[in-house]
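Here's the structure we're looking at; comments come further down.
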Amino acid sequence: MEKRNATAAVIGAGDFIGAEIAKKFAFEGFTVFAGRRNGEKLVPLVQEIEKAGGTAFGRSLDARKEDEIVKFLSDADKHAPLEVCIFNIGANVNFPIVETTERVFRKVWEMACYSGFLAGREAARLMLPRGRGNIFFTGATASLRGGIGYAAFASAKFGLRAVAQAASRELGPQNIHVAHLIIDAGVDTAWVRERRKERMGADAVDKLPPDVLMRPAAVANAYWQLYQQPRDAWSFEHEIRPFGERW
Amino acid sequence: MEKRNATAAVIGAGDFIGAEIAKKFAFEGFTVFAGRRNGEKLVPLVQEIEKAGGTAFGRSLDARKEDEIVKFLSDADKHAPLEVCIFNIGANVNFPIVETTERVFRKVWEMACYSGFLAGREAARLMLPRGRGNIFFTGATASLRGGIGYAAFASAKFGLRAVAQAASRELGPQNIHVAHLIIDAGVDTAWVRERRKERMGADAVDKLPPDVLMRPAAVANAYWQLYQQPRDAWSFEHEIRPFGERW
Amino acid sequence: MEKRNATAAVIGAGDFIGAEIAKKFAFEGFTVFAGRRNGEKLVPLVQEIEKAGGTAFGRSLDARKEDEIVKFLSDADKHAPLEVCIFNIGANVNFPIVETTERVFRKVWEMACYSGFLAGREAARLMLPRGRGNIFFTGATASLRGGIGYAAFASAKFGLRAVAQAASRELGPQNIHVAHLIIDAGVDTAWVRERRKERMGADAVDKLPPDVLMRPAAVANAYWQLYQQPRDAWSFEHEIRPFGERW
Amino acid sequence: MEKRNATAAVIGAGDFIGAEIAKKFAFEGFTVFAGRRNGEKLVPLVQEIEKAGGTAFGRSLDARKEDEIVKFLSDADKHAPLEVCIFNIGANVNFPIVETTERVFRKVWEMACYSGFLAGREAARLMLPRGRGNIFFTGATASLRGGIGYAAFASAKFGLRAVAQAASRELGPQNIHVAHLIIDAGVDTAWVRERRKERMGADAVDKLPPDVLMRPAAVANAYWQLYQQPRDAWSFEHEIRPFGERW
């Protein structure tokens, strides 16, 4: 592994997608700054990266707090120039609109949209003076579709997509690649397996054929593809789903 | 004017679009409840409606406050069954993303998205037991496009559109018509004229040909068309722009 | 019925949607020119319109033939100025892509797209010198979605939508209203009832509740709404579906 | 270069994009079958590939002829299993709709849509029995937008996109990756340079900064990224544009 003088920040470094993104960029030589609510939970991830010869820092981060985002990204940038910032916080909930409390609506927005705005803006502020950088956002089916029960979640994801679009149009000409990765499918996480079991029975999980659910590593790989694009052929929106997915 | 035993609530009854919506529904026989931040400013509107034989009530309303929305719509519904609720609050601002403060981002969302969610949810709660009603939301170009400088505004408008979509899918089968009216153009308001003058010179306003800007009354008319649709042919999304508009 | 000095041409005046459009515009005072492959079948429609005091002409028309379209619209325009041209030819077929013959693919395109281009272009040529007119196209779910088995049909409908968009952008500023009406649901026709029976059993048709399928008259009504829009608030795309439709 | 027992067919192997795609896949070890109207013009491309140790065959191909497409792909498949089929024929013309002849409209469709259907269908027929393969289509800005003057071109490109969508939904679950690459910008070709000079003056070409126009090789690279995607994270639609492009 050849080390780079560059950091990649992963905001929302959960056990599945976020962890795989962190590992991928670490194994490609980036110093990784990984943030999540409870930074303690990042210890195994950091150890795994370090064991493989990589460099990573795990931090407790409430991404809804402006000062915490500022500090997190600025610390990353001080370590080495911030080259990649990936915002990966979800907040997938489903309630009928009449049962959606204002607290839920607000909290989902703060987690999935407002904190994404903060992250994107702060990353841009650090990258603009150097005239380079990559800011990527994780989207979902609900980024494009307000389905039944998704008033809160889709509203936040639509809102995040708008932030990404505006950022892309503003920052692209300044050599900062902004992209929005739409994961249009279930990713293979504990939570998705549990829901699948509830809906379809135990066999739907125990005898799950390969590649029906998207591996978290495949998401990380998609981000890596985005990172590798030459600047005369950048994608803004990039959608991925497993081969057998209905859409 | 034949009076109906029905109220129409207009949330965001500003001097232009909102006022015209209020008048249109009042002149069609609805009792109108009009709400805006400073209820004092509604006096002339209410007088105009009453002079023409209609019925209207003007109220001070901070639509970002859940209890105020609840009270406003519940008062309207007590007067006569709430048949139409139109959410018409905008918050059009333009800032480069790196100059968008967290305060602006949050406030624009609270005005243009969060309060729309509250209004739609409360209207639904009142309408569902009766199995009928109409909930309409005002959209804009920024509902579909995150343009340069619109990170905050487009984020809120995208988010509102998602609320409307989810509400439409949930409430349509329960006989509640939810629609999202996209105004893809400048409406003829004092503010738009001012901006036009700045950009294009005084003549662009003083010698403005007819129908280049959309009349607020045309927006009211579009809502009236939506209201009149039979339930076997409802529109969810309805876009309007002047004949000469570039799009 | 007050007669207008204006004609409305309906291309694809089939037994259901097309016939209702013809009647609606005839009853509103237009002279109607109705065209379909076998003009004989238009006799009852013309009689119904005449009995009600309207004026209509039924013509055999193969809309895939440029000279026939030219003659049909030019005859209409000679009778009285062509004010409305509605293109309503469908060609809904479903085949797996590997079983779609080149003949089917081509024929569906000729019926649903190519002839729509011819109709729109010729209507524009007649309307432009007078600086007014309305050109409307019937779209479908497949105008926006290439679903399984719809390679041929969706390809034609997508293509027609592009024609409508380009026409709208070109002709709008010249005071010609071009619109694309997306019928995102099954319309209550003999063919749809038959398919419904096959899929869901006889009861799904015999005991069909009202407003589950869209009445052809509701489509005609939607076109009438488009026609009535003031030019400072024209819709280009207008989608309609029944209240209970899943989308 | 490690040779693969697999062919890649490039339909529309023009001097720029098509040639780069051919080279990329040849250099990655595929036997390339390249087709274009005048096969003579493929000699230098084939020589360049062979000189580098690759294998390629250049063929005259009128892709609008069903029998020619069948033979071209079947020959490719006989040489080695057809693993990749890329349809890359454009037909970019711009005419006001009223000046668009039926001949132009039909021809553009035959080149850019109908032949794409034939290519996709025939590739699918060859790939399905083996349960694997990749079918990619080149899209453009006009795949999503019917702009002024683009009635013919956008209609064909919209139509091709529908074919690709239907194919993707049908063939994905059978392990065939269908994708639609939207090039939302000018590519650096002789024709684009010429138009740029006309519009913006000689300096806009002679002093063209790097990466303002997309290199044809970047398009080839995008196709290579699509080919490399694991099947649990396939993209259907993939859009690319240069960093400074307005969109």
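Order of writing sets the labels: A, B, C and D. Residues in every chain begin at 1.
We take it that a residue touches a chain if its C-beta (ideal position, glycine included) is under 8 Å from a C-beta of that chain, and two chains touch if they have at least 3 such contacts.
This is a predicted model, so every value here is computed, not measured.
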Item to check | Fraction-based call for subunit B against subunit A, same above half, different below | outcome: same
Item to check | subunit A-subunit B separation of Cα centroids, rounded to whole Å | outcome: 34
Item to check | Rounded Å distance, subunit A centre to subunit C centre (Cα mean) | outcome: 45
Checklist entry - Of all the residues in subunit B, which ones touch at least 2 other chains? => result 169
Next on the checklist: By the document's touch definition, which label belongs to this structure's chain graph: line, ring, star, complete, or other?
Outcome noted: ring
Checklist outcome for this item: So the complete set of touching chain pairs is A-B, A-D, B-C, C-D
Checklist entry - For subunit D, which residues are in contact with subunit A within the complex? => result 169, 172-173, 175, 177, 210-215, 218-219, 221-222, 225, 228-247
Checklist entry - Which subunit D residues qualify as touching subunit C in the complex? => result 66, 96-98, 100, 102, 105-106, 109, 113-114, 117-118, 120-121, 124-125, 128, 142, 145-152, 154-171
